[in-house]
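In what comes next, chain A is part of two complexes: it sits with chain B in the first one and with chain C in the second one.
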Partner chain A sequence: MGRYIAVRLGAALVTLVAASMLIFVLLRVAPGDPARLMYGLTPPPDAQLEEMRAALGLDQPLPVQYARYMGAALRGDFGRSYRSHEPVGSMIAERFPRTLRLTLAALVIATVVGVAAGVAAGVRRGSWLDAATMAAAVLGVSVPSFWFGMVLILVFAVGLGWFSVAGSSTWRDVVLPAVTLGISAAAVIARVTRAAMVEVLTQDYIRTARVKGLAERVVYFRHALKNALIPVVSIVGLQMGYMLSGAIVVENVFGYAGMGQLAVYALNTRDYPVIQAVVLVSTTCFILVNLAVDLLYTLLDPRIRYA
Partner chain B sequence: MRAFLRTRGAAALLLVLALLALAACGGGSGTGGGDSGSQDGSSAGPAPAPGSGEEKGGTLVIGRTGGVDSLDPARTIAGPAHEVFRLIFDTLVRRSPGGGFEGDLAERWEVSDDGLAWTFYLRQDRVFSSGNPVNADAVVFSFQRMMSPEVPAAAFLGPVQAVEKVDDHTVRFILAEPFALLLDILSTEYFGIVDPAAVEEYGDDFGRKPVGSGPFVLKEWVTGERIVLEPNPLYRTSRSDVENQGPPHLDQLIFREIPQVETQLAGLRSGEINMITGLPAEQAVLFENDPNFRVLRGLGGISIAYLSFGMVPAEDGGVNTFKPPFDDIRVRQAVAHAVDMDTIVDTVLYGYATRNKTPLPTGVFGYDPSLGSLVPDYDPEAAARLLDEAGWTMGPGGVRQKDGRPLAINFWSLNMGSAPQMAQIIQNQLEQVGFDVEITLLDVATYVSQAPTGDLDLEMLDQGWPAPNILNSIVGLGWGVGLYNNPDLLDLLARAQSEADDARRAALYRQAQEVLLKDLALVPMYTATVPLVTRAEVQGIKFDALGGPLFHDAYVAP
Partner chain C sequence: MSRSASLAGDTAWTRPGARRRGRLYRLLGGSMSLALGGVLVGLFVLMALLGPYLAPHDPLAMDLSARFQKPSAQHWAGTDQFGRDVFSRILHGAGTSLLAAVTAEAIALAAGTLIGLLSGYVRGRFDLVVQRILEILMAVPGLLLAVVIVAVLGPGLQNVMIAVGLAGIPTYARLVRGQVLAAAEQEYVEAARAMGAGSRRIMLRHIMPNIVAPVLVVGTMGLAGAIQATAALSYLGMGAQPPDPVWGTMVAEAQVFIYNAWWLAAAPGAAIALAVLGFNLLGDGLRDVLDPRTRR
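On to the complex of A and B.
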């Protein structure tokens, strides 16, 4: 087990280095010079632009730039934003907890709603409840989040006044974006849960349990659900990865000052150090979530062993 | 260090993107040129009006799209940042409501006979919000900081070579050549006076902890979410365009960052925010007749939207030429004839713009509407006739051709605000007279990097700046009309900005515009006024001479 985790973490490191190189090169290949952009439309005198590029370190060859960047990053220094001149590390430290809070809230909503709906639909397969739940699930995955978010804002913030329209500080700010972000994951989780329940319920051990005379409730929740959850856990992990990217849209709709909003702003201004750090942090999260999911398997399914 | 600034003179003038600048400045009214000679600063009104209003107060929450990178004028020229730091810093001089300039931190100023030395006499009673005095040391410190090449706004200072302390309350600007636009430049908040003690204490963090002598101080900044300002208790002013000469009435002034316009609108309706700046025209118009809201307009305009044509750099470094098919002036004239600008202003901009047929914005010194007669009017038949004459005959599919080549052009525009809609209308109208138009819509970052080398035949841009050297910027872009280097024009522009006499300077700017229009190097479109929408309970917002909102008298009725 320990060895397995060590190997996985080693692989994660390789992925991170590859991701950092990729984003480093992609940013510099993409059109748009960060130094030039500081001047708006009208170009500054060439000499001034050169000084600005030198000040940002952009006059160096690409490998030198990368080596410097990684050298500093390994010491925990992600540089300073080209725009605000703040240390990127503290910018991320300010934003990341907000996005984490949003993503976790969305994940909880998605899991609770998704599993409940999936179990209900799976147990009552073929009923109107099943049909209605699955129809809602199709709607849930198809509805664009910027539209759904606006509907929630108009109904619950403008109409009813329960939550705030925008912001990222209080719980009233988090609910609507979390629901918006969680809705499509809830739909996916509901469909997977239903399918797993339907399949598990046909297994021999379920028939045995019923023959023993156990109450249906016990059969569903004690016996069926535990096994049905195995594929659900992996889908929840995957959804969390998607949420990190979905947060970009949702944060912009709700004026939620998280990593997604930072990423958009940094991309528009070609603030390389900020974008690089956002990508690295997101990649790290994605890798860690996947590792956590794989480890969770061993708890849920004793047959799975990692050597 | 100053050498490169001098060589390019004010062609080095940096322009913020008009749409961004407008978000900060609103429209703008006319300003006279810089008054030369000695002049008394305004002394309107007695010292601080008593009682910052017992019942006046409240929290004004402004929703807007843009993010603020830094509140240090030495770090950024971005519009959203300027919109905030203009409330934190005061300048030496400011534009007066009737045109011309009045003293702000400076009480008066004088210019030497050769125009190379400007002396400013500071008011002796002004302090920063920290309590430190605003003195000559602070002014010299502020400008030396701004003259470093790493400062985006540095080139705005044109031929300024040095700023020296004469005595504790007197500073002198030394110029390499006469610069009639100095007061225009010094009145922008990019050259607000900063507290040297705070800069030394906070260093790189000054942009997050700005200290000035302006009406507001920074209370809290939650990055990406809100910037909270509170009245500066030590503030006093002599502004003639506000009643309250002491600290503002408002308890707090909050800038909220909300990227989506739709979310801003929802916030305005729910009351979570009570003012929106920089709203697109098609949204603002919806509030016009609603008694719960108010739509405020700035006074005039400091921006100019125009169409310009692709150009080819001359290989020998000589005079650049227009890129075919626009190398024939009749084809350029056909574009002007084919596009119905009046209708675009009325239907896309809902009248939040003034039709402007000249290269200078309506609110800028040198604006002369009579020059508009040089620009062809909307007349599609005339456009067709001119294209026929130029040898472009109607071919299959309604696309004209000449020597087997179709009249196909690439039309570039920024993908922001109402520009995409306008681009489509222009495309449609050009196609009706036989052009085949392909639209390219790009974000700012991609646009400025690709335009200099891209396949650009026609473009639509909007630039803003409150002084007539906006013309230097328009012809200094590096692509399109920004490659227009007609020596007559460049000579006129150089002479104009060092001409101290208002009438002679106006005449030179008139001639410069004539060169541009007679050659039809660009087709001016309109000058926009960006509306502010507030809830009805927001009272007392006034506008400065450029149409920027003033919050000295503002309060939110309970």
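On to the complex of A and C.
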């Protein structure tokens, strides 16, 4: 077990380094001279430009540039924004907690709703409840989040006045974006939970439990759900990754000042250091979540024995 | 991450003697998903092909005296801030939306299938290297990868298609590789090899046909994802630029007016949702029909 954890940790680290290289190289080949972009619309004399290139380390070979960048990034220094000249690290530090809050809230909503719906549907397979839940699930993954978000704003913020139309400071500002972000994940989790429940309920030990005279409730929740949740754990981890993607869209619908909103703003203003930092931080989160899920998996499922 | 590969290789698609009973029944009347999905996709494709001819108005013609009109007999989906007919714009946008999704999906499918086929068949060091590269690509959340690619290539619908396509390659590469690994174990492949068939022949004539079904299912659902992704990137302003009538862009433009003209966002949003729903249902239905394991 200890060895497996060490191997997985190592692999995650290698993936992270490789992914950061990929992002770094891609954004280096992006059009535009960073030194020139630093000056905005009025290009300075060539000598000054050379100076800026040297200051940014752009006269160094690419591997050296990468090593310097990552060395600084590990200390929280992601360079400066081309536009505002603010340190990118502090821009991220301000926005990352908001995106994390949004993503976690969405994950909780998606997991609770998804597992509940999936169990209800799986237990009553073939019933109208099953059909209705699964129909809702297909609808849930099909509706575009940016549009669903607008519908929620119209109904719950404008119509009923329960929530603010836009913002990112109080918990009330998180509710509608989190529901929007969580809806498609809830649908996916519901489908996986249902399938796992249906599969588990055909197992011999369930029959044994029933023969022992246990109440259906005990059979479902004590015996079936515990085993059905194993595949659900891995899908929840994957969904977290999709949410980091989805946050880009959802944050822009609600004017929620997180990393996703920052990424789009940076893209529109060609602020590459900011894009790079956002993608790097999100990718790191995704890799860490996947690692956590993998390790959790081995704890949950004693059948998995890693060499 | 290696778990998903083993899961993909473990399906019953290639299991010999799979149940075929009831296939026709399910094809004709048993699968609601297939029927409903087929109808929605059919309508979408028809709209994409015939939309410009069916549109009652010019999608770009402004009429400032008819701004922000509610849906009516004359303007089925109302008019926008320039007095343009929203329904005509949706009809015109269908073609672009479908073309964007199909192009992105074609890139992902073609490149992914080729990589997966080679990786699964050649195996060894090549496979190892390819798998690691795919793992790196999959480590970057999909839409963020697309954002980086758009940052490099510049905004525009064409670059959005390329970005979504590239981001989708690992899915197919992994799926096909898993299927090929499973299929390669089958006796018919051994038999073909014993009869002296070469690698290319075995891959294309023997293995390929046996992995078409899962690729078809995933590809159908992938189209749903591609419509959503291209629409989302257009919504964020990275795709087609106004005044082109593209669904995602139309929703973005409408957001400013949502408080007094809800129909501006409602119509293109519903169009995206129905198109995506159609492909999702069709994919679900195809799986029910093609995968002998799923039973309702």
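FYI, the second predicted complex is superposed on the first by the 256 of 307 C-alpha atoms of A that agree within 3 Å, B and C clash if a C-alpha of one lies under 4 Å from a C-alpha of the other, contacts with A are read in each partner's own complex, and residues count from 1 in each chain.
In this section, a residue touches a chain if its C-beta (ideal position, glycine included) is under 8 Å from a C-beta of that chain, and two chains touch if they have at least 3 such contacts.
Being a predicted model, the structure only gives us computed values, none of them experimental.
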item: First, second, both or neither for A:7, with chain B first and chain C second; value: neither
item: Chain B versus chain C as contact partner of A:67, first or second or both or neither; value: neither
item: Which of chain B and chain C A:112 touches, first, second, both or neither; value: neither
item: Which of chain B and chain C A:253 touches, first, second, both or neither; value: both
item: Partner chain in contact with A:22 - chain B first, chain C second, else both or neither; value: second
item: Which of chain B and chain C A:288 touches, first, second, both or neither; value: neither
item: Chain B versus chain C as contact partner of A:45, first or second or both or neither; value: first
item: Touching partner for A:95 - first (chain B), second (chain C), both, neither; value: first
item: Which of chain B and chain C A:154 touches, first, second, both or neither; value: both
item: Intersection of the chain A residues that touch chain B with those that touch chain C; value: 31, 146, 150, 153-154, 158, 252-253, 264, 268, 270
item: Contacting residues of chain A [partner chain C, same complex]; value: 15-16, 18-19, 22-23, 26-27, 29-31, 126, 138-139, 141-147, 150-151, 153-154, 158, 234, 241-242, 244-246, 248-249, 252-253, 263-264, 267-268, 270, 272, 275, 278-279, 282-283, 286-287, 290, 294, 297
item: Residue ranges of chain C in contact with chain A within the complex; value: 1, 3, 33, 132, 135-137, 139-145, 147-152, 154, 224, 228, 231-232, 235-238, 248, 251-252, 255, 258-259, 262, 265, 269-270, 272-273, 276-277, 280-281, 284, 296
item: Footprint of chain B on chain A - complex, ascending; value: 31-33, 36-48, 51-52, 55, 80-81, 83-86, 91, 94-95, 146, 150, 153-154, 157-158, 161, 164-169, 252-255, 257-258, 261-262, 264-265, 268-270
item: Parts of chain B lying in touch with chain A, wherever the complex brings them together; value: 4-5, 7-8, 12-17, 20, 63, 67, 69-70, 75-78, 149-150, 152, 154-155, 204-205, 207-208, 222-226, 256-260, 262-264, 266-267, 269-270, 272-273, 443-446, 448-450, 461, 463, 473, 476-478
